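Which chain is which? They are A, B, C, D, E and F, in the order written, and residues in each are numbered from 1.
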């Protein structure tokens, strides 16, 4: 099916609305993730966190946004100007693209219309996500390189090698899932978990995927690319104002998408035992999925504020010498399981 | 070499498999942080609320005046001598005629400075003072931007004449008296 | 097929063993290759293992493939025999070297047996990629670096051209399977121009790989810059594999189109022999001379491709590659022993070798004679069989080839002259008696002796190999 | 039986080359060559009237129709006699010299011997070619290792000349081979090759290819340029081998291979070939007359003589071929003797220049006498061995073409001129200080020269013994191949 | 739907691939930076891939696309090895200029 | 509908490919090449080879070009250090390439024939279909590719590793 050929006006409108809604959602979640991050970090450290802007500090993201927009937008003198400007845009663009194939729910009945809650169900959805994840590194690399700052460059180089390394283990652990479900479509994978979540069959795969997702998002304990104590700010050392904001935002978007994907792959997506995703006119599905995602966002933050940062060689050792072999073992075990017990 | 009784011999022993996969340790760490997550926060939103001070809190110094509004200090210099941080400096001057309502005795401190960056708030100055002129109070030393603002002169130290500007040091005074009257 | 498995497993075993027991590496690699050789022999002479037929759509170890595998494995075994000395300075990467050589050999085996262009492509790459690395395996040697880069860029470029040709052929015949392509071409009277362009591009790509003129310019530099043993491997196994693949492709897939491709191939062959021989005359460095010699042999070997359809073309190719490989390896064995001890690779390094090391000199002399195709050495029979096969179709080319082999004597004899006829000056003779004169390491001795023995065997009984397939 | 001729020398050569028994090498070489001589003597007793005898044939490369087949008839036998008779003499001739690497020298010599025997015995085209080329390698090494001044350049020239020449033969051979069809397979057997009917054009090319190879070897003008230099440079043993035996490979090849394979083309090309041969005779003779270097003189004389042999054979009549065969043997004997004498002169006087010699007759009468006999043989005085051969050859050429015969006949006159001039200059005249106390022949030299001189006389008196041996074979080959 | 794909003549794909391929060759010829040369080779391979995919679709034959995968495999392997070699050379010469590498030409 | 898209993508790919070749800064070259790859991926989608398109993006844009960029950054190559061939050389290169193009197109013109089978379907590019072919007919090359990867990996390590003194 050639995607382009299916375009019709109604289709385009439906999708456009969905896309805009998704963008809004994603950006909102990302924005509040920053708030959540501070708040959660505070709680872990027996603090209060932001509490002055609005009740419980709920308006803090807005304040941050205003601050970002009003700060001086600074372009370093010896930088590659256009790439410097392009990089954050590319980064956030790629991050936003990934939400297209995520099945947010079944069908939403709203105003007498049925809205399909997935922008597009391509039969290779999960590859699409992996592909975008692999593209994410360009924003970082270009940003780091274009800044003409050695710390930025270090950050960029670290980020790129780290992402390439961890993509492999991630792909391999996804393959185990694909073997179980027999499909690359995220929707199919989710629907197959209506009875039993994949994490039950794939505990090891889940841990691997989680680890890799942390690394792919440049989250602690794998935040080599921007670790303040070593590289000042890593690839975004030279960035300021909203360009910096884009970078930070995109990272949270990535985290959100990663968590959603984890939910879809291992935790049944919009399914929850005892809850029908079609309740509330189909709104239950998204609610379930978002709850799961938020939980994983919390887990991400929890991990960040618990574990110390890896050293760079440890990071590579972990990726190549532990995760990849484990992922292969996991894949083989899955294959054996399928062979002996059927699906 | 055993230096103290409390020193521990560190042995780098081979880690067991369970230790090497780190997951239990990570889980333990997560559990620890999670416990903190649900612990009550210790934060005091300072400008809005203030935490309680101990009765013997030693803060910003004050140079007392007597009931008639005369400075107690005679610039004898004992406080400066007692100060372990050498934070106190002063210049003495003789009281002129017509200044009796200002200074209690013939000699007074024309300049009296405490460097708040040096001061360690130990309270030895007040113990040394024979005239009950200097006390540490429960006021917090205000913050500022430059070092020079932390050398407090008499303008910052001497309490006001008006009754509402007087600083209450009774608790402190009692404590000092008790301390000084205790047999050595 | 069994041999391929054995080699692959040996390579992996070598990788692991190499982490700890470096002294075991050479024996292990040798045992692996010999086992593979045995397996090939069992397939060829004995009843055979008789499996793998179910993969016949991809590759098939028929006698043709088995015999060529035997040649390549034998050559590799000899090179591994030399390696005890040739790789003596390597420390931590020794295991990698052996493994890469074995991997490369796996690629060669695939190129002998493919029945599908996909396999050809993969085989070429498996053969080449380890060699790109091996060429530059002396990391701080600028010449090695240059060789690696040149080899790599040229190899990759050639791959591109080859693939474009393959694609066009695929488009025209709608298959990658050699037999299907052949069926689609039929008798070649209705070939779309897409197919023609495809075949031409494939010829170009393969010519790059086998270093035929005018696509040869990278070869001398690469040969010269690479470590000696790697050069020996390139000159023998790679060449064998390249030509076997070339032959297979044109014999199975494109026989119908012969009228179209034979003229360009003939021109390339003529150019290759002539240019290479003419250039080799002016070389002063042994390795560079061997590079041009190898190119000129490529020219002769192209005759086998031209002779497709003639009885015995494949046998001639087999025999030629075998004798050529043996002689080249013997020559390189001697060269390694001499050049690495005297630190000089030019012809003058060989001056008076016949008095310093008579055995080495004899080996080198005989291999040079064999390469030159002087009767009755095995190399002569190789040339003879090739020329016979191609004679009926291209008599003029044979005459040219004959003239070229005459020219080649001149440069092959330079070495012989240096070894035997150049009398040493007084201080040279003193040096020859000195304790630090050239010694003959045991590994080199055995390898070249074995090679020499095989050459002698082929000289006495050429039929033993010629009749194999 | 035939295999013995190849095996003995090769085995001995292998022992010498590989084991290098320093002290024993010349003894071993002598023993091996004598053994061969004995075998030759035995073969003389066999019957050759029925064609090939003493055949030996095993398939070599069966799938390509190549076999290792040997055999001999009268012609071959004469060549074997020549080779194996001269071989001990050549070994003896270098007996007393001190060599470096003696085993290697004798090893190569024996290898050469084996290869030469192989050339004469081979009944398979490829085998012939292989031995033909194999003979080149040891002589190349002998000349280039133990040779004189500028040896490397000269020997390489020699090697390339002969090798290139024989490559053309290979091509021609291949062409014929590809036309054969024995039970659906190509064959290299002599009989099968000869049986191939060639188109006239192809026959021309084939003949030309063979002629190039043999002409270089013999050598025929204008392909002779390698020869004098090589003879002069080569050590005596090498020169003897070259001139005594190796040249005969060419003439033998003409009889056995070239003409039978492509007789069709002989009519077209023969006039050119014979003219070249005859012109070569004259050319070489004239140059020989003017030579002052005795070795070079003998070399040119050799060209002249071989030119006559070639002309006679190419005439392809009974007299010519018979004469050619006899003369191959006799020329071999004579030229070996001459070179031995040259060597003696050179060693004792330290020069080869005729101008520096003279007056030896007084100090060395035995030497002078033996020298005389050999010179007479070379000049083809009746009752020496040179005479019957030259007579028959001239007869043959005469029969082919009168004028050519006349021109060729000049060789006898020229030969007498230059040989006797040389003899006179060496032996007579004023004795010089250097030549005054010229040491006469020692026993070993006497043995060699004596045998040669004896042979000169014996074959001069009884040419019929040889002619009888070859007659049947020559008839057969002439009968089989009618021009 | 197949028809709509095939509404573009296959010639267009052939020409497009040829042009891309030639641009790759052009780059190999004129660039001196080895990395860029390598990139040009990648472009050549991609032109081939595109053509294979087009043929595959037009012929309804999966082999072509399978071949593309193998080409990708090889391209990845080549890139890894090639860049490794380049880095190695850079360590020695501090340059990736291919025309500096002419020392072997004597 | 399809043709304009095709033409647009084709124009983009050719343009960016040319820019890749001609741009002086190697980093820009990489970026242009990535754009070319995206255009080619678009062509794949147009050919209904979605799986191919995504794999193309993952492998080329996601892995190979990152590697290139990585190396460029590591070696700190930029416009200033970029070696340039002489104008003469460039011109002759251009002429050679132009001639190659003319030759190829000329040779191919009118000779492009593709035999379209009767039972053609548009589904060859779907992942199920490809998987079936890959793991049945082409399983041998698939596994052989493993050797290739292993060899390349060992090789890359060998080249990259610094010598350890043993």
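Observations on the model:
FYI, a contact is a pair of C-beta atoms (placed from the backbone, for glycine too) under 8 Å apart; a residue touches a chain by one contact, two chains touch by 3 or more.
All values derive from a computational prediction rather than experimental measurement.
For the remaining chains, with chain C not counted, the touching-connected groups are A, B, E, F | D. Considering the contact criterion stated above, no chain is in touch with chain B and with chain D alike. Among the chains, the centre nearest to the mean of all shown protein C-alpha atoms is found for C. When chain pairs are compared by their number of contacting C-beta pairs, E-F comes first. Distance from the chain D centre to the chain F centre is 70 Å, each centre being the mean of its Cα atoms.
In this assembly, the C-alpha centroid of chain D lies 65 Å from the C-alpha centroid of chain E.
Separating the centre of chain E from that of chain F, both taken as means of CA atoms, is a distance of 5 Å.
Spacing of chain A relative to chain D, judged by their CA centroids, is 94 angstrom. Among all residues of chain E, those that touch two or more other chains are 1, 4-5, 10, 14, 21, 24, 38, 55, 59, 61, 63, 66, 70, 74, 77-78, 81, 84-86, 88. Residue positions of chain A touching 2 or more other chains, listed in rising order: 1-2, 5. Chain D has no residue in contact with two or more other chains. Listed in rising order, the residues of chain F touching chain A in the complex are 1-2, 5, 27, 31, 34, 45-46, 48, 50-51, 54-55, 57-58, 61-63, 66-67, 69-70, 73-74, 76, 122, 126-127. Put simply, chain D touches chain C in their complex at residues 17, 59-64, 66, 126, 129-134, 136-137, 141, 144-145, 151-152, 156, 159-160, 163-164, 167-168, 170-171, 174-175, 177-178, 186. Against chain E, in their complex, chain F makes its touches with residues 1-3, 6, 10, 13-14, 17-18, 20-21, 26, 29-30, 33, 36-37, 40, 43-44, 46-49, 51-52, 55-56, 59-60, 63-64, 67-68, 71-72, 74-75, 77, 81-85, 89-90, 93-94, 96-97, 100-101, 104-105, 108, 112, 114-117, 119-122, 124-125, 129-130, 132-134, 137-138, 141, 145, 148-149, 151-153, 155-156, 159-160.
Chain contact summary for the complex, chain A toward chain B: residues 40, 42-48, 51, 207, 302-303, 305-307. Partner chain D is touched in their complex by these residues of chain C: 312, 315, 362, 369, 374-376, 380-381, 384-385, 387-388, 391-392, 395, 398-399, 402-403, 405-406, 409-410, 413, 417, 420-422, 461-463, 466-467.
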